[in-house]
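Take a look at the structure set out below.
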Amino acid sequence: MARIGVFVCHCGENIGRTVDCHGVAEACKDVPGVVHSVDYKYMCSDPGQQMVKNAIAEKGLTGVVVAACSPHMHEKTFRRATAGAGLNPFLCEMANVREHCSWIHEDREKATVKAVDITKTIIEKVKRNVPLNTIRIPVTRRALVIGGGIAGIQAALDIADGGREVILVEKGPSIGGHMSQLSETFPTLDCSQCILTPRMVEVYQHPRIKLYAYSEVESVEGYIGNFKVTVRRKARSVDEDKCNGCGACTQVCPNKKIPSEFDCGLGKRTAIYVPFPQAVPNLPTVDRNKCLLFMNRAKGRPDTCKKCADACAKGAIDFDQQDRLVTEDVGAIVVATGYQLYTIGKDQPKDNLKGYGEYGYGTIPDVIDGLQFERLASASGPTSGKILRPSDGKEPKRIVFLQCIGSRDPQKGMEYCSKICCMYVAKHTMLYHHKVHDGQATVFYMDIRAAGKGYEEFSRRAIEEEGAQYIRGRVSRMWREGDVIKILGFDTLEGEPIEMDADMVVLATAMRPQPGIDALAQKLSVSYDQHGFINEAHPKLRPVETNTAGIFVAGACQAPRDIPDAVAMASATASKVLGLFANEMLEREPTVACVNEANCAGCFHCERVCAYGAVEHKDIKDRAGNVVRVIAYVNPGVCQGCGTCQATCPSKSVELQGFTDEQIWGEIQALGV
Amino acid sequence: MKIGYFPGCSLHGLSREYEESLKAIVAGLDTELVEVDDWSCCGASSAHGSSHLLGVALPARNLAIAEEQGLPEVLAPCAACYARLASARHEISEDPQLAGRVNNVLVRDFKNTVRVRSILEVLKGQIAGIKARATNPLKDLKVACYYGCLLVRPVQVTGGYDDPEDPSSMEDICKAAGAVPVKWNRRLDCCGGGLSMSRTGSVVRLSAAILKDAKAAGADAVVVACPMCHSNLDFRQKAMKHRGAWEGDMPVLFLTQVVGMSMGIDPKTLGMGRHFVSTDSVLARTAGTGSGSGTGTNSAAAVAGEVG
Amino acid sequence: MTELRELARRLLSEGTVNAVLGWEEGPRGARPAFVTTPEGADTLIFDHRCVHNLASYLSPRRPHLKRLGKVAMVLKPCDARAVAGLIRETQIPRDKVVLIGVRCGGVITDPDSTAPLTEATVADRCRGCPDREGHLADHTVGTAGPGFAGPSKRAQKIEELAAAPAEKRWAFWQSELEKCVRCHACRQVCPMCYCDRCLADKTQPRWIESSPHARGNMAWHVARAMHLAGRCVDCGECERVCPEGIPLGLITRKIAQVVSERYDFRPSDDPAVPAPVGTYRMDDPQEFIL
Amino acid sequence: MDATTPAVAGGFEPRITAFVCNWCTYTGADLAGTSRLQMASNVRIIRLPCTGRIDPMFITKAFERGADGIIVSGCHPADCHYNAGNYHARRRFAIFRELMDFLGVDTGRITFSWVSASEGGKWRDVVNDAVTRVRALGPFTDYRKLVVDPVATATGVVPPEHVGKEVPA
């Protein structure tokens, strides 16, 4: 027979004002199985918790019901207290009489009636609770990091420095990400390459980091501590072991007019190429869509050219190289796939995104985006650091920067702030003024969001010391007249329309997640928001975890992030991963499904509805070892405890611990007339 | 096809040629215009500038009458009328409280079922018909299609029949009529609107900038679908010259006139002679339409001269 | 018929199977039969009285089958959907059963009847049935009549009920469900009801009240309908065997209509086609959700 | 007064049982509380981890136990804490609702909604709307009085759980 203790909390006045707490405690005394029912001012206080502990000891309670606030608030507190008194913590439940009752009703009588109902419901549940034990799962202590930008690099280095092996997978031919394209970084104006390159080399040389560049994650199976990852190592057409990175091949390649991705189309590259001089690994890659030999092959013609192969002294060029699939066992995964920039064209990759008709949908040649400006300003860029406009190579004397292009605009499909633009536009005006002494930079802004250490000072400096002209307002229209860009805007501080001429316009376009993020997220079973940014498990308290245990997120694939943010997140994921790897076994909450083997008919409806692949097939054998039945088995390491299997199971042969049919039946019974 | 028709004051006064040319072309497009009975002011400028409720109730009255006539949709050729009627429909559907107040004012059971269509929306739906009937294609005629402020905006009110920032319906219609739309920049700029009398200087500055851009783009004529734009761009050319803001003569045509010309309709029927800036140059450039038939326009230009 | 018997004899004499599951002439019309010897094959029949869905005998929980080892089964096109369902739900391995498809142009309602197959006597579920043979079969024998045109009477009754006010439907179903004595014949005969321990027999907790009053009956028939949603193969056996004559086919048919309209699904005789419940689309209609 | 008896002084007050998921709607209801949004007090919440866990049997049982109305609420599509539980629930309850309708249950008694953790206001509206709707429909005695115990009708002995209830003729 159950011996339940009921503890009704006044929460100061929070519950007591609208609920007769003493009355609730008295009413619960009459419920069969309740042997102890009291009320107290603050149950969560030390004396309150002590009351629970004492009652468990003195009355020999088999279950504890705390009628107080939401279980999201204090369930852990009271379960800990229960465990402290020697009772299994899962025999303690909370009745939410604050958020769901006293705070939303004013009629004391009605609120009290409801509070009694709520408490009785939980009493009936707790009567049917059973002791549960924490689950222990083995952990493979190696990590996978997806994405070789600054976030991925930082995460990989921190985990490897912490003593664990790391597999770093990068989609492109080199690690470095967008940070390697930047000229100088705010708010210190230190050279991006100078601070990044050593980290890239460190990754390459680290004994515990295995770098798979020019590779993509093909599939992911398994669960926290026990993932099996298949990586597609795309064919570079270059033998990595033979190549010494001399670069002779790239010099002889006849196809030299390919817009360089690294230079955002402002520079050119060859068909066999190293994306930039500091690339890691320093290996050339054949772009099979642009290489003459492969273009001929695609048309069924014989192989031609082969100049690169002829130039290679090491015989490293391999035109017949194939993609290879490698599998790796890891215990944790860090997603750090970064961002791309929104483009203002008429055709957009998603239905909810819209382009900028008022700016001619991106057809004006001297209107560029922020990353293109970075390449112009970069000493290693296509103009060797000179600010020259793409159309005629002239130095622009009047340059206009437009902030919030796409960002903060629900009409364009991106209502969020891209966070980094205010700062990099301020930086761009400074770089411009440093390079074009007789030039004038003008910025159209909505607000200046310079929250961050040294950020406000930096943007003030751009305006006050370096002479950038800041206009609060939007540009409503932009067109080309001759070689001038006409700008029509509105100054909201002056309250006047502005018409001005510019030689070049730089758009601070919104940050968007990388293309293909949804496919990757689906492989990983992590959720993402309507923009494609990976969802964190909790926006405040679990910012680098995802909803799938063992998978973490860092950098701009979660939301717009600047470099310090991305690095901080990466280090945070590393600390989470290292924490997970601290023990050989992992402990988990026991709210998982469990199969009643005697009743399971083996229809596997549960398997079909399980989003995590937690249901496995289990053979039941007779004494002779013959398989007599095949039934379901729920892997407790994979199960996340949603209970969809149980609602689907026709014979109710799978039960979710903590939310069993009996417990819920009890709750429904308690509400009966 | 039958469609409700709300002429508004301009089409019966200032821009009679708009109504004349509209009626001339719809006959050829198998469309019948059913005029809204006892229509009244749409509420443009003065009403919605002075009282929000009046600004909604006036157009609502006309829509209510159309509803009682059993018209599912109403064409308002004037851009301002279109904006008022469509805005009223939008606001009433979004705001039940306002709907109640409007019904009280109207003393009618108005259900707000009538769709409001602009001239662009209606002609866009008839492009195939226009193409088929373009017996007199305006091959050489380069036109600058001018949208102004109200025809395609705001998108919530128009329902998005065209891109509000980079529209193309007027160009498409002109192309169907055989004219050559030029690429230019000030298609959606403000012409000065209703300030023609009170702040003539502003209108001259704004409208001249539009005409100059059209001229620079090589246009033979500017095409409009709004009486107010027409008046500012056509009638005010003399004042522009007077103030040194503009030189030359740029014919300003109604879209319906362009379509009518392509159908080979007599220029007089299309009201080509009612403009202040002579349309002779346009008529002369269109193949098959003798420049002689444009004689009537000279007198109008002369009248314009007197007025200016 | 000769074709069927010869095939059955061959399968038995060659030892391909240990038994053939089909129909024979019983004292009161056609009845299911297990033939275990080659000679016995001559007792097999197939005609318009062979209404039973033999797939229910394939359930691994039927000891008959388990003892017999590999069997062959005579299969109407509608039964093929049930066999496909059992394969889909991993109840029987495909290679453990030989399927002898018979071409079918419809059956009558009552296997005991001597009535010929006519527009008047044909089973309601055969009206509008497009299938003349089951695609799942290993062998297909016999010839089929042209079949019967729809709509079925049930479809008409469902329409009639749907058009009536909710109170009318409630009254109709209460008068029907009240009759249920919970003999569970509908469950026993259903090829898709194969759980070892049925939810209706569970006492802890007791979701379905065991006494045969209309409220418990309601819970039972709701549970049955939900469990069969998207799985029911429309063989009509539940309704045929109901001793109280409750029109259970109306419920299963209604749910089949809902599933077909909302999820564009119709019970398939291809085991690879997934059932609609247990799958989803991101853009499934949700007009009923606030 | 028995605390479980609903206040009947002002007329019929419906009893509504709500089955909600832990992550979105339960948290949204918590938010309604922290935001002090006042709402009808007729709803009793039963917390489940996910809408995917909600079995149609819960609903028939709640009706049996005297509920006049039901609310089923969880995460919006794409928001499910468990990725897809709400999608499965959506199919399950789309069919269940049509079944109930076919059996003659007024579907106004069963409310389905998506209420996210940030939609405290929406939760209040869902609650208030459901209470108003079910109040207008009246008590669901149709369902409760389905128990025509043959023994009871024959002997005239009313089982104790039916005392005080309307007993059908």
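First chain written, first letter: the chains are A, B, C and D, and each begins at residue 1.
Methods note: a contact is a pair of C-beta atoms (placed from the backbone, for glycine too) under 8 Å apart; a residue touches a chain by one contact, two chains touch by 3 or more.
Since the model is a prediction, treat every value here as computed from it, not as a measurement.
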Smallest count of steps, each to a touching chain, taking chain C to chain D: 1
Pair of chains joined by more contacts [C-beta pairs], A-D or A-B: A-D
Chain B-chain D separation of Cα centroids, rounded to whole Å: 57
Euclidean distance of C-alpha centroids - chain A vs chain B, Å: 52
Distance between the centres, which are taken as Cα means, of chain D and chain A, whole angstrom: 37
Whole-Å gap separating chain B and chain C, where each centre is the average of the chain's CA atoms: 68
Per-residue overlap in chain B, given as positions that touch at least 2 other chains: none
Sequence positions of chain A contacting 2 or more other chains: 609, 648, 661, 665
Residues of chain D touching at least two other chains: 55, 61, 78, 84, 88, 92, 144
Listing of all chain pairs that touch each other, if any do: A-B, A-C, A-D, C-D
Complex contacts: residues of chain A adjacent to chain C: 598-605, 608-609, 629-630, 648, 650-653, 661-662, 665-666
Of all residues in chain B, those that touch chain A in their complex: 163-166, 185, 188-189, 216
Chain C - residues contacting chain D, complex: 158, 161-162, 166-174, 178, 199, 207-209, 211, 213-215, 218-219, 222-223, 225-226, 229-230, 251, 254-255, 258-259, 262-263, 276-282, 284-286, 288-290
Residue ranges of chain A in contact with chain D within the complex: 23-24, 27, 70-72, 96, 98-101, 103-107, 109-114, 116-118, 120-121, 525, 527, 530, 547, 591, 609, 611-612, 640-644, 646-648, 656, 659, 661, 664-665, 667-669, 671-673
Residue numbers on chain D that touch chain A, as the complex places them: 3-7, 15, 17, 26-27, 29-34, 36-39, 41, 44-50, 52-55, 58, 61-62, 65-67, 78-85, 88-89, 92, 124, 144, 165
